[in-house]
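In order of appearance the chains are A, B and C, and numbering begins at 1 in each one.
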Amino acid sequence: MLKYISKRLLRSFLTLFIIMSITFILMRQMPIEGYFQNYDKLSEAQIQNGIRMLGLDKPMPVQLFNFYKNLLKGDLGMSLRYRNNVPVTEILAPKIPVSVRLGVMAILLALILGLPLGTLMARYKGKLPDHLGTAFIVFIQAVPAAVYYLFLQLYGTELLGLGLLFDPDKWTAWILPVFSMSLGNIAYYAMWLRRFMVDQSTKDYVQLAKIKGVSGSKLMFRHIFRNAFVPMVQYLPATFLNTVIGSIYIESLYSIPGMGGLLVDVIKKQDNTMVQGIVLLFATVGVIGLVLGDLLMVVLDPRISFGAKRGNR
Amino acid sequence: MALYRKKAEKLQDSINESILKRMPDSEAFSFAGFDEQEVERSGYSNYSYWRSTLHMFLKNKVAVFLTLIVFLILLFTFIQPYLPNQIDPFLVNNDPKTGLPFRNVKPNDVFWLGTNSIGQDLWANLWSGTRTSLFIGISVACIEAFVGIVVGVLWGYVRKLDFLLTELYNVMDNIPTTIVLILVSYILKPGIYTIILALCLQGWIGMALFIRNQIIIIRDREYNLASRCLGTRTYKIIQKNLIPYLISVIMLRMALTIPAAIGSEVFITYIGLGLPATIPSLGNLINVGRQLMMSPDLRYQLIYPTIILSIVTVSFYVIGNAFSDAADPKNHI
Amino acid sequence: MAKKTILSVKDLNVKFNLRGKILHAIRDVSIDVYKGESLAIVGESGCGKSVLNKNFIGMLDVNGFVESGEILYFGLNGTEAPGQAVDLAKFKKERDWLKIRGKEICMILQDPMTSLNPLKTIGSQIAEAIRLHQNLKGAELKKAVIKTLEDVGIEDAKRRCRQYPHEFSGGMRQRVVIAIAIACKPKILICDEPTTALDVTIQAQILGLLKELKSKLDLTIIFITHDLGVVANIADRVAVMYAGEFVEIGMCEEVFYDPRHPYTWALLSSLPQLGVKGKELYSIKGAPPNLFKHIEGDAFAVRNPKALKIDFIEKPPFFDITPTHKARTWLLDKRAPKVEPPEYIRNIRCGKEKRG
């Protein structure tokens, strides 16, 4: 088991390393304008000076090596266009807690609403709750998030009597962003939980439990729900990814001072180092999500023993 | 038909009765003889995979209706420019009296859905945009399917490639799609082909893995081994045991890729990396509409594109799922 | 000895609704099950053995329904109907069935590999059954779990009850499944092909265990099987089923040594043990009839090389051969021509006479 976990971690490090290297190399292919505050007004000598200062004149492997050396020291470089000569980490630091808070709330809300929805749909399979739930899932999955986020903002703010702008001290201001962000995950959880519960409910062991006299609701929770939840864990990482994408939209729509909104801003300002820093951060979150999903699976399912010991036959 | 059958049954009953009456015991208790062909007929089934699939699909009325809608929308995006009284989507319409452009004109006889903020006809833009978005979606789906199938076949058949591609898959599968999308769009020049490239960059590998697994199954699954032992030729196994399942999953993936790609275009346009504003697309139209949505008078500029977008994406999603349900032999009876 | 009926099925008709078509799975079935006996129900796949038994514990698939007939259960000694019969065919609600399932009638499924919850320990799955029906808690419950495991022949029960199903082999798992079933303390135990998924050496062990438990716990066992070897090993009485109805019912000896229905002949003839060396093994031609259609006359007639004309026209009634043995074939009618059973069957008889 330990072997599996270390292998899994090693692979994700490798993945991150590849993503980072490719991102870094691609970023160096950008026009050099992206590395200067006001490129047009600078003289040729100033530009050359700047390139030398940033180390852009060195061969690529050296640049890459320096990048990793700095990364280990926790240095992601300087922002050049978004805010001139401020370390990227310094800009990001206050934004991270905001995004994390938003993301965690959205995931929790999705679990609180999505799991009961899925259970309800499985319990009343083929009946009205199932059909309504399916319609909701189809809508959320098929219609691009941008569209329903917009309409939620449009009519939600009118309904709640809120201004368009986000105010972190007013708790009502959190309702719409968190709810919008959780919608995708609610549909996702409900869909998979329903599918797995329906799968499980036809299994022999459920039949046997029923035969031995376990009643409906106990059967649903003790046997079906738990066994359906384990394969679902595999799909939890996607939650992280959905939340990352959601945060890019939502934070920018509501002007929430988080990383997602920041990404849209720095893209518009073409600040290469900032884009690079945020992309790396998001990629890390995504990869960590995947690893967590796999590890959780190991904890929950006794069958995964990775050849450590086999049954006494 | 039912009436006819009832009649036939009645007739049979009366014949039976009369036989029993007329037939003396000696005859009734004589041997009936044995017809070997008749025996085998009792177990005969006239099952056909594609017929059952089609039958099941046609039974799903919603999916059939949406298929029709998608087909009509697709057709209409092509014939719309040739209809009478259409306005060029790129033309900035000026008021002949004042010489100023018609900005944000409400829907009327000339501009069926009104005009946008620089005076272009929204109706024409809407269809032109739908055409662009559908083009992106369908291209991505086709390219992904093509590359995925080619790589998947190589992956499955060439054993030397297996290790390399499996490792590649493990890495690529871990990269968040959105990150690839943003990165590629940021680095390359904005345009339709950039978006298509960005969207295709990752999707093919999922398809390839699927095809590879299927090919390995041809080699190893018991029923295929059994077929082979009975002397069935490989192409026949592929045709009978593999293709039906393969095609249904490929169709499902393609059908779901289209709405996802259209949605991604909207997303990438929103964060400012999408198509240039000069190319109408559903993403651009929605982005323009979003900026105006707070004034209720102009909200129509957001609502019309979102309606079309929602119809298209929901339709593809539902059709894909309905088809895959219909193609699943477990649902055939 | 007067036999006490514990379960009585009368003219039962069960149908399934499959996408608008009606499948008539159980056709006018009547049988009495006596207390303490072991009854084997034999037949080809799809003849309705399992469907019939699922009716006894309310596990019929949702698209199936009892159209007519009664299933009288005499074992219930609760407050509502002491000593009286309850008609299981009238049960509709989950709550009704909870009185029967486990406590009165329990069932063992065919595949031990899938009938245990993979995420719960063996101990907790047995404990669940005990808690439901015996009201034990804490240390007592734990003791009962270990005792039950020991009863079904699992060694080192203390350690093993903390293990998960995937740590057990097929035969061991079937023992666990049996442990769960007997932990409910049922009066009737239905075994749905309990040994089909196991290899031959294990089969014998499991059958031995069931025999032992039957006498120890005073169980009534209904065996569902297509394996005649199992039947000979364990059954007191045999009922042969074909296309949703019984064609021959009798004591084990009677059915094996003096079968009367052509289908029973065919079934016995296809036993490899009875084949003659150097001769091709007998096999029944064709497939069972389509139950979507109305069956005219004797259902087996089409596949019976020696069918009479009347077999195609009218359904034969049951003819009594002895008080315990009856068969549903026109061959037993006094007007019928004399038909000798096939060679294999005559061989069994001779063998018996020689031995007897």
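What we mean here is this: contacts are C-beta pairs under 8 Å (C-beta built on N, C-alpha and C of every residue); 3 or more make two chains touch, one makes a residue touch a chain.
Please read all numbers here as calculations on a predicted model, not as lab measurements.
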Between subunit A and subunit C, the fewest touch steps amount to 1
Looking at Cα centroids only, farthest away from subunit A lies chain C
Cα centroid separation, subunit A vs subunit C, in Å, comes to 54
Note: subunit C sits from subunit B at a C-alpha centroid distance in Å of 48
So, in whole Å, the Cα centroid of subunit A is separated from that of subunit B by 27
In the complex, the residues of subunit A that touch subunit B are 11-12, 14-15, 18-19, 23, 26-27, 29-30, 138-139, 141-147, 150-151, 154, 164, 241, 244-245, 248-249, 252, 263-264, 267-268, 275, 279, 282-283, 286-287, 290
Seen from subunit C, its contact residues with subunit B in the complex are 18-19, 285-290, 296, 301-314, 330, 333, 335-337
Per the touch rule, the subunit A residues reaching subunit C in their complex are 203-205, 207-216, 222-223, 226-227, 230, 300-303, 310-313
Subunit A partner, complex, touching residues on subunit C are 57, 59, 94, 98, 101-103, 106-107, 109, 111, 114-120, 128-129, 132-133, 163-164, 166-169, 177, 180-181, 183-184
Note: in the complex, subunit B contacts subunit A through residues 170-171, 174-179, 182-183, 186-187, 259, 262-264, 266-267, 270-273, 286, 290, 293-294, 299, 302, 306, 309-310, 313-314, 316-318, 321
